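Data first, discussion second: the structure below is written as structure tokens.
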Amino acid sequence: MPIIKVDNLYKEYHQRKGREGLTGAFKDLFNRQFKTVKAVDGVSFSIEKGEIVGYIGPNGAGKSTTIKMLIGILVPSSGKIDVNGIEPYKHRELNAKRIGVVFGQRTQLWWDIPVSETLSLMRYIYDVPEQQYLENLKIFSDILGLDKFYHTPVRQLSLGQRMRADISCALLHNPDILYLDEPTIGLDVVVKERIREFIREVNKSRNTTIILATHDMSDIERLSSRVMVVNSGKIMYDGNLNTLKRRYGTEETIVADLLGRIDDTSELKSMGVDKIIYDNNKITIKYDSVKINSSTVVRWLVEKVETKDISITVTPIEDVIRKMYAARN
Amino acid sequence: MRTLRLSLRFYEATIKSMLEYRLTTLIDILIMIINFSVGYLSTWVLLSKFRSIQGWTLYEVFLLFNINMVASGISGFFFSEPMRTMEQMVQQGEFDMVLIRPMNPLVFTLIGRPNFSSIASLILGAGVFVLCFTHLAIHITMLKIVFLLAAILGAALIQAAILVIVGTISFWVVKNTATLSLLNCFNNFIDYPISIYSRGIQAFLTFVLPFAFVNFYPAHYFLDKAGGDLFFPVIQYGTPVVGIVFFLLAYQFWKVGVNKYESTGS
Amino acid sequence: MKKYLKFIQISFNNGLAYRVEYFVGTFRNLVILLVQLAVWKALLTAGPVTTGSGVVTLREMTTYVVISSMIGTLLTVDVIFNMNDRIRNGQIGMDLVKPVNFQTYTFCNMLGQNMFSFLFQLLPILVIGVIFVGIELPSIFNFLLFLVTLINAIVIMFQMNYALGLVAFWYMRGWQSTIVWILNRLFSGRYIPLWFFPPILVTISYFLPLRLMYFVPISIYLGTMAPLDCLYSILQQFAWMLVLYGMTRLMWRAAIKKLVIQGG
């Protein structure tokens, strides 16, 4: 029995189409023309409890729209969604109790008060028993380092801290399902890693179903084996991530500014990296992500030397999709 | 009620942060007090020369003005900040965050943002009531006190309803702050007894936008004013009922707005 | 010189973007006007009233509030608000880099707004005042004097607002506008003419420039001021303009020093 089942989901927006010129504007006053935009165009899938599913696609592909409908804050134009036995938009409050949401672009915390106050308010809103509350706080402190900024007002937090606080907030009441919409956007590599590790841990220990919508492939790599590729409101691929990578695009590049020296890079070479350019304080590593994982490379690097700045360029999802289209024709 | 406990905890947090910045808070309070007093001072200046306006003497006009101040203080405390920020929340899609919670969306928006300056109106207003009672030779009964309290709550509901209506308009229109000023304009009318206006304006303030029920009709009853020029005498007791009805209408409008947001997103 | 004219033009065009706010403002002014007309009608039903300065008729009061409302549209500007905002979020840095005198620049902005207000807020009130309310019209001489005092009033109002705006360099809570509004309500004669004031308030009002912005111009318009008093008032206006100008120069220098030393 899947925990989420989506059947033939459609979401259409009617945008006003403005006609050209002065006479056009005049005509518009009497007879408005509309353009129908299909944000979600016939999407169907099902997700079992405990799965981690990546929902990947370029900006504007319809990811956020689908997530909002799954959460229950947006009403579909047609089609059926079943989450935990109920239709989310019809029973919004009931559904809300069992899910946690993190939107990367917006915070759910109150702006002027400390993180601690937001969390204790959430505790009351979701009726979290005291023991569970304290247990969770401890886990958040241990793995996410929440205790370091627990008493800081939210507006003084860095982006990474704010994101960690948002995740703590979303998981405080032990939801069945966790929805993440671009959770690592704008974060530096090290913080991203920490968060991904935490999410994997939550999934393992609590069997929480995790839906991760993003346009960054490296987000999904470490987390899920199943990925759905969406473009223009349609699902183009629903299956194993590695299979996808092997088929369509796997070269990645890591560039890092170093504060120390690496004496021996041969170890990295033996791990399966394609090319290393080591120049004074800068190292560029090119590799095939099917052979070796970006996080593995990063971890090796961080263990060997102190780094100032690390950036990873993956095959952008747009290229993957383009190759997918090309392959189909 | 769980919501009450929730809100109290939140106020605790805000008050804690206010106490941290003591000098700022003190000056803010001073400004609040001055702000509050200005209206009364102007009326005092006017009526110390003219004695009465349309048969209403100084302390009677104070009472009239004060009912609105106290009622607005109550409604402002809960509703002014949330409804003012509706524009931004809808435009930036932050209202999604409200809908995520397992709670009534209106109640949730209120929890976030109390407006503590409104408390000043409440406290000072209570003082002004005492002042008025001592200067006026009205026959104060238990019934009258109970009615006054009910009327103040009803008046608060009317003011709250106006704020909710303005906030709800954000679901359709971008320039919310302008609308706020527009609807709030009518508050200027009830600074004085509405009997000074034409019949047409009185009718508007009674049957279209019930501002007259905020302070004029309750004061009329409370001060035992001769009921000659009212539309019908029983209207004096109307405020609690009008408050509830008007607020429920505003709440329905709010629900329509939320439905629209859920259909078209942000 | 030309660049300053450009600023005025830009500010005026900006008004179009905010036309909704302007219309609401006009509506607000009309509502308040309506209230005041009703109040004075009720207060003066028994007939004209005698004050220390002479007899006041209903028609005079009606004219008073209409003229006051029109002056209000020219004297209500968001100089303080803008300055507070720009200083608070650091945008002031951008303004200081430009090769313009900041004070003149702010003044031009205000003029642009004033012109917009004149067309879309003042004129409607004037039309209603003449056609529907039937206000008194002044003699040519009084009107010219009135214009002089009005122009002075706009300058003084700007300088006052500018000085208060500069306070934001030191103290950013933003209560300056509230203080101006409160003082205006009590001491300027904007809502209640000084003829009706208790003596204490009249005395206090002589220490502030506010009555020179509302009460004095309106009195000149109505012709209730003796010629010598008119002259005296205009001289006072000039005196205040000098004093405020000196103040703003000093404050500006101190503000720049603070900015350079402290940065943010």
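Things to note:
Each chain gets a letter, A, B and C, in the order it is written, and its residues are counted from 1.
Methods note: a residue touches a chain if its C-beta (ideal position, glycine included) is under 8 Å from a C-beta of that chain, and two chains touch if they have at least 3 such contacts.
Bear in mind that the values here come from a model prediction, so they are computed numbers and not experimental data.
Legend note: the chain whose CA centroid lies nearest the centroid of all displayed protein CA atoms is B. Across the assembly, the mean Cα position most removed from that of chain A is the one of C.
A straight line joining the Cα centres of chain A and chain B is 44 Å long. Averaged Cα coordinates give chain A a centre that lies 55 Å from the centre of chain C.
Distance between chain centres (mean CA atoms), chain B to chain C: 30 Å. For chain B in complex with chain C, the touching residues are 24, 27-28, 31, 34-35, 38, 41-42, 45-46, 48-50, 53-54, 175, 177-179, 181-182, 185-186, 188-189, 191-192, 196-198, 201.
Residues of chain C that touch chain B in their complex: 20-21, 23-25, 27-28, 31-32, 34-35, 38-39, 41-43, 49, 51, 173, 175, 178-179, 182, 185-186, 191-192, 196-198, 201.
Of all residues in chain A, only 13, 65, 68, 71-75, 89, 92-94, 96-97, 101, 103, 106, 108, 110, 112-114, 117, 120-121, 124-127, 153 touch chain B in the complex they form. Within the complex formed with chain A, the residues of chain B that make contact are 2, 5-6, 9-10, 13-14, 17, 92-94, 96-97, 99-104, 111-112, 262-265.
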